[in-house]
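Residue numbering begins at 1 within each chain, and the chains themselves are lettered A, B, C and D in the order written.
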Amino acid sequence: GDSGSGGGEGGDSGNLAITFLPKNLGNPYFDTSSSGAKEAIGEFDGTFAEVGPAEATPDAQVSYINTLTQQGVGAIAVSANDPEAICDALNEARDAGVKVVTFDSDTNPDCRDLFINQADAEGIAKVQVDLIADQIGGAGEIAILSASANATNQNAWIEMMEEYLASDYPDITLVETVYGDDDDQTSFDKTAALLQTHPDLKGIISPTTVGIAAAARYLSTSEYKGKVALTGLGTPNQLREYVEDGTITAFALWNPADLGYLTAYAAKALIEGDITGAEGDTFDAGKLGEYTVGADGVVLLGDPFEFNADNIADFDF
Amino acid sequence: MLELSRVVKSFGPVVALRSGSLRLDSGSIHALVGENGAGKSTLVKIVAGLYRRDAGEFRLRGDDVDFTSTAQSKAAGIAVIYQEPTLFPDLTVTENIFMGRQPVNRFGRIDRKTMRHEAEALFQRLGVRIDPERPAEGLSIADQQVIEIAKAVSLDARVLIMDEPTAALSGVEVDRLFAVARSLRDEGRALLFISHRFDEIFALCDTVTVMRDGAYVATTPIAETTVDEMVRQMVGRDVTELFPKTEAEIGEPLLEVEGLTRTGVFHDITFTVRAGEIVGLAGLVGAGRSEVARAVFGVDPYESGAVRLGGRTLPRNRPDRAISAGIALVPEDRRKEGLVLESSVARNLSLVIRNQLAKAGIITNGAENRAARVWASRLEVKTNALSTVAGTLSGGNQQKVVLGKWLATEPTVLIIDEPTRGIDVGTKAEVHRLLSELAGKGMGILMISSELPEVLGMADRVLVMREGRITAEIDRADATSENVMFAATHAATQTPGAHS
Amino acid sequence: MEKTAVTKRLQAVGAAREFGILLALVIVVIAATVANPNFLFSSDGWRDLLLTPSILVLVAIGQAIVLITRNVDLSVGSILGLSAYLTGRLFIDIPGIPILAVFVAAIVFGGLLGLINGALVAYAKVPAMVITLGTLYAYRGINVLWTGSDRVNASDLPKDFLALGTGQVLWIPILTLIAIVVLVVIGWIMKNTRSGREFYAIGSDPAAAELYGLRVTRRLLIAFVSSGALAGLAGVLYTARYGTVNSQAGAGWELDAVGAAVIGGVAITGGVGSVWGAAIGAVLLLTINRALPILGIPDFWQRAVVGVLIIGAIVLDRVLAVRQKRKLIAAREDD
Amino acid sequence: MTTATASTAASVRTYRDYDRPLWQRLLLTREMAIIGLLVIVAVVATLSVRGFGQPITLTYLILDVTPILLIALPMTLIMITGEIDLSVASVVGLSSVLIGVLTQAGAPFELAIVVALVAGAIAGAVNGFLVTVVGLPSLAVTIGTLALYRGLAVGLLGTTAVTDFPEFWTDLAKMKLGGSNVPAVLLLFLVLLVVFVVLLHFTPFGRGIYAIGLSKTAARFSGVHVERTKLVLFVLSGTIAALAGVYYTLRFGSARGDNATGLELQVIAAVVLGGVSVFGGRGAIHGVIAGVLLIGILASALRLANVTSDVINIITGVLLVASVVSNSFLAWLRTKRRAPGGTARAKASAAG
């Protein structure tokens, strides 16, 4: 237990033991964010740890939160599998003096100190819809391949996408939303089912890195390659070959490593008492510069970045 | 050919074989007789490699052998027909006969055609008509027995052992089997034949070995012995001593069974058991007597007919209601149906009366032990503690526990199926004394037994069943082994002629 | 001796058992195709129809062998996951390793894991359900321990190998061909060889099998090794088809495999059924899964339909068995 | 004359209640072995794992294992009759979803609880019906209903998770007993524990359960209503699983279709570890409780020691296998030691 040896009891302003609790382990997106976090924590001499369930369920996360509370870590950085289900556990942790930062997927605002938002929901929704509209020529049927049915962030984006589609692209119809549970096999099979069910489908948006990779893999070997457009949120390393072979023209993402990096620095600022999570607090985030806490304790990382054949070679994560 | 001497085998505390000896010679048919539980089947299973002996010698063609599996005895040329048919219900008759040694072509493919022809040839030789392609599931006991015989014959073994092969067969089938057995003897093989029917033994066998209480008694050429002599050797005393039936006053009808029918099993069974009366139910194994008893008690279903106790009709399929109405059933297979073998004596003795023992719905070990102690001591069960696991008792004491657990319910009618099967001679007399005593106190008793002397000695009235029907009802005064056997083997209820 | 009428009727019923599932499969395919012709008449539709069930077919065949001996193997999902990851690791750690060698390694590896199950069941004489429930946990734990948060990505795997997962030979996907070859071989063995029939005998009545002197222990070992080896093979194919393997690959497949076999007429009480039935059951299970959205049944209800199907299949099986028994008893009455 | 003496001698035969002294009967049991192991693990964990000794550990442990403890009670009885119920975790999910759907529709929460419990009882009755009346093996039946009930749960709620529950109830689920660290839900469990201990160990019904498990035939011949007993147990199992679903929903404040996925295997693992034989007829509730706690404490301590869930899985699996195999192994050792003249016979067989 090295995280426990990072300092004294929780709440102690010198306890820089920060533990990351992603939705699940074995998810390349979180592997990348954790690598950023580790880098940041290394910079300020804290103790990095990562724990998490094998499957993305909230009850499994609760056990880990409880354990971290018992261990008295300095801060927990969590990507929530359910906005409500892990709330009480988080609040108990906070009562015990542990700082709680959510990143990637938020809980209700009253059970965490800060939420590090990768990009505001509106921006994420907009960039994906714009990309698909561009690729299918502004009209036709599209579908969404999401993560689990209860994923807070995906659901929020999907809602925004629907609104944005209705207002700006009346000729595009969203025919179905399916859920791949952030599981390769399920996402893969769901893609196949989507294409079968909707023969006139023009495009698929997959706002999750697991989903878009699985969908790309299915498309690249199917008769729909080049006919059905695919975009969404993905990591360059996973999608490089599909951009190169033409399955995907462009997709978006922020840098998950930066997300983890920023989260770690935010946790540090909380632990050291530099900020409390109130609107207007500012803190230093190493190489990323200075950030300001917005309304509801939300810190915004920045705008999502668009990857395409021209720039993908510049990235490695 | 094959020789066993002073073989010992025990199962935990139960000594099944104390000193079993047997010698089989080529070209001869040897009979093995003895009472139920004398250890005949155990001896057979040791020869078959199913059990390993604890001590003693076993020689085959002069070599010491010790089989650890049935495959070894098969390989050594020994074929066995077990007392209980052991077929694979889901496989076809042909597959059952040839399992594990099916004819194959050079790719290892089973040659089904050859196999079926061989099966048909076997059935031809045995003179039966069974479709070789039907599944074994649902075959009658007799047909199952025929398949066991076919299986053993087809093994072409040098030693053929048959443990009560004729128990379920009709006259014609028995004759065919005998013809086959004789031809095998004439080919120079050694045969062992176990049976409780003396006429068959005298008709078929050359020599006879008698066993008693797990020990060898004598071996005699068949020509030099008589039935009386064999029976004396089997039981160690005169048979009549065993049945001290006292006359009881016969009262009102208690149990009335009317037109009970279950398709394929029994038909139109009607009889009455009165207070103080012992009704014997005789017949060959497989006649359907146990099924009738089970249906009356409610553990088996029936399609039509009615069971009344003291004038009130009992519901079907409800043993609990039969029990509370006052019926008790001491079942045929005490190890499977009578006892919870892995449970203690106390739990077994108190199982049926558990509801009466409970106070305000709560039952305790103390209450069970008190009730159990009463019946254990009344029946003189030989054990030290009530917590003894029932399965470790000797057969006779197990039977006492079964009796005790039913007598504890204070029944008005006791149905008792094979009351003395596998029980030693002394206990047998005790059971009989107990039954007379109970009848004397006004209990109605229906006693199913395959042992003719027992039926003749104990019953006030004898019912005989054959193939699921009651073929005769004979009063104590008129009952003889001849007319009971006749009714058990012949369809009509005519007066018996001269029966061989 | 000519066949009796009863026997003929019975054989008709027996054949109807597998025919019935096949018929159900055809109906599902037709219904889905009518709702959307792409289900069958597009090259992807046709390919997926054959491709999707192929991996489960292999696992279900193994499960059927074990079920026929009156045992069960709940650890197949974990074995599949482990051998899928092994496949990825071999390609990553030994660049240029021949594909065939990877197949052999994964099959042997799966077989060894099956051997552990088999040995525990056969020698310790404890129920297969507990043992394989234990190894389900243990194998999956080892998998997670080994994999950690690592994963195998499509880009780590040779193109030739990935092509196996989607490639076709004359309109038939390669994975399907592999599954069919395995099915035909094992189906033939189960029906036509002594060892095959002994599996049935053991499951039909284990006590009688001992009396016969059948080599029960050896057969049980073979059954579990086969099940493990087939799950191992399925693991390789899983990697080829899905391209990505994490520590949870194959989780929950044990219930699909048992379900497929049971739907296909393999009795959980042993001795009855065929690997053909199990294979058709697997195809039916997954095809229904794919057809339900096309038939307008939302995603979320599909599990419920699968449950209804499993129960329907075992109830049907039971009804047929009871009818058969009754007929046989009635037949005894006739003669 | 001799017979007379013999019978007098026999009539004064006395029977002891037990053949072993009390301490042996209490201590030399499978259950005590598990309890002993539990104590050892707890002590070692307290001494060597940082943070395990705090009172809060107990709170979390109880909150975590409560659903398993609850479901393990009826599961013990079912497994003693030789059957199994794999659908329990799906019933937890279904009950959770029903509560969610009803609360969302504006029904009073009390009504939602009642509906969920009734639905659980019906789900159990369906299992029981298929097992006892239709005569199907429970393993196959409950694999089917495992999928069916989970499918209904997921289908009913779809994408949403209902999270808005009356605070009174959610607080109740997490309330601690008068300032202590012990969650109040323990009381609910203790009440049910008493009910089930009495039912299994001190009623005629419980005697029937053991008899069924050891010999279904003999039980039937002794007037035990085998089918009805099993049906009642399946209904109980469904109802308690639904109750666990209510707790689950309240504890996490979230009704989701996938709640408690995979819990069935944990329950069965704990029950088997606690000494219940899958062949039926053997087991006691105190052993099962110890089994549940053993797995719970191991998981809790290992997590605290930053050992990942995979190792916990491996340990659970190995414990499970070891616990059944060790029984067979000990039995084998005993027969081996007892077999007289083993070597002599081995020689004979070599000669033959």
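One rule holds for everything that comes next: contacts are C-beta pairs under 8 Å (C-beta built on N, C-alpha and C of every residue); 3 or more make two chains touch, one makes a residue touch a chain.
Keep in mind that what you see is a predicted model, and the values were worked out from it rather than measured.
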Far-end chain from chain A, centres as C-alpha averages: B
Distance from the mean Cα position of chain D to that of chain A, given in whole angstrom: 39
Chain B and chain C: spacing of chain centres that average the CA atoms, whole Å: 44
Chain A and chain C: spacing of chain centres that average the CA atoms, whole Å: 37
Whole-Å separation of chain centres (CA-atom averages), chain C against chain D: 30
Where chain C touches two or more other chains, by residue: 144, 247, 300
Of all residues in chain A, the ones touching two or more other chains: 54-55, 149, 179
Residues within chain D bordering two or more other chains: 158, 257, 308-310
Inter-chain touch pairs (all): A-C, A-D, B-C, B-D, C-D
Sites on chain C touched by chain D in the complex: 72, 120, 124-127, 129-131, 133-145, 247, 255, 258-259, 262, 268-269, 298, 300-308, 310-311, 314-315, 318
Of all residues in chain B, those that touch chain C in their complex: 48-50, 69-74, 82, 86-91, 95, 99-102, 104, 108-110, 120, 123, 129-135, 137-140, 263-265
Sites on chain A touched by chain D in the complex: 1-4, 49, 51, 53-55, 57-60, 62-64, 66-67, 69-72, 82-88, 96, 148-150, 155, 177, 179
Interfacial residue positions of chain D with respect to chain C in the complex: 84, 130, 134-137, 139-141, 143-152, 154-155, 157-158, 257, 265, 268-269, 272, 278-279, 308-321, 324-325, 327-329
Of chain A, residues touching chain C in the complex: 25-28, 30-31, 50, 54-55, 149, 178-179, 183-185, 188-190, 192-193, 195-197, 199, 213-214, 217, 221-224, 237-238, 240-241
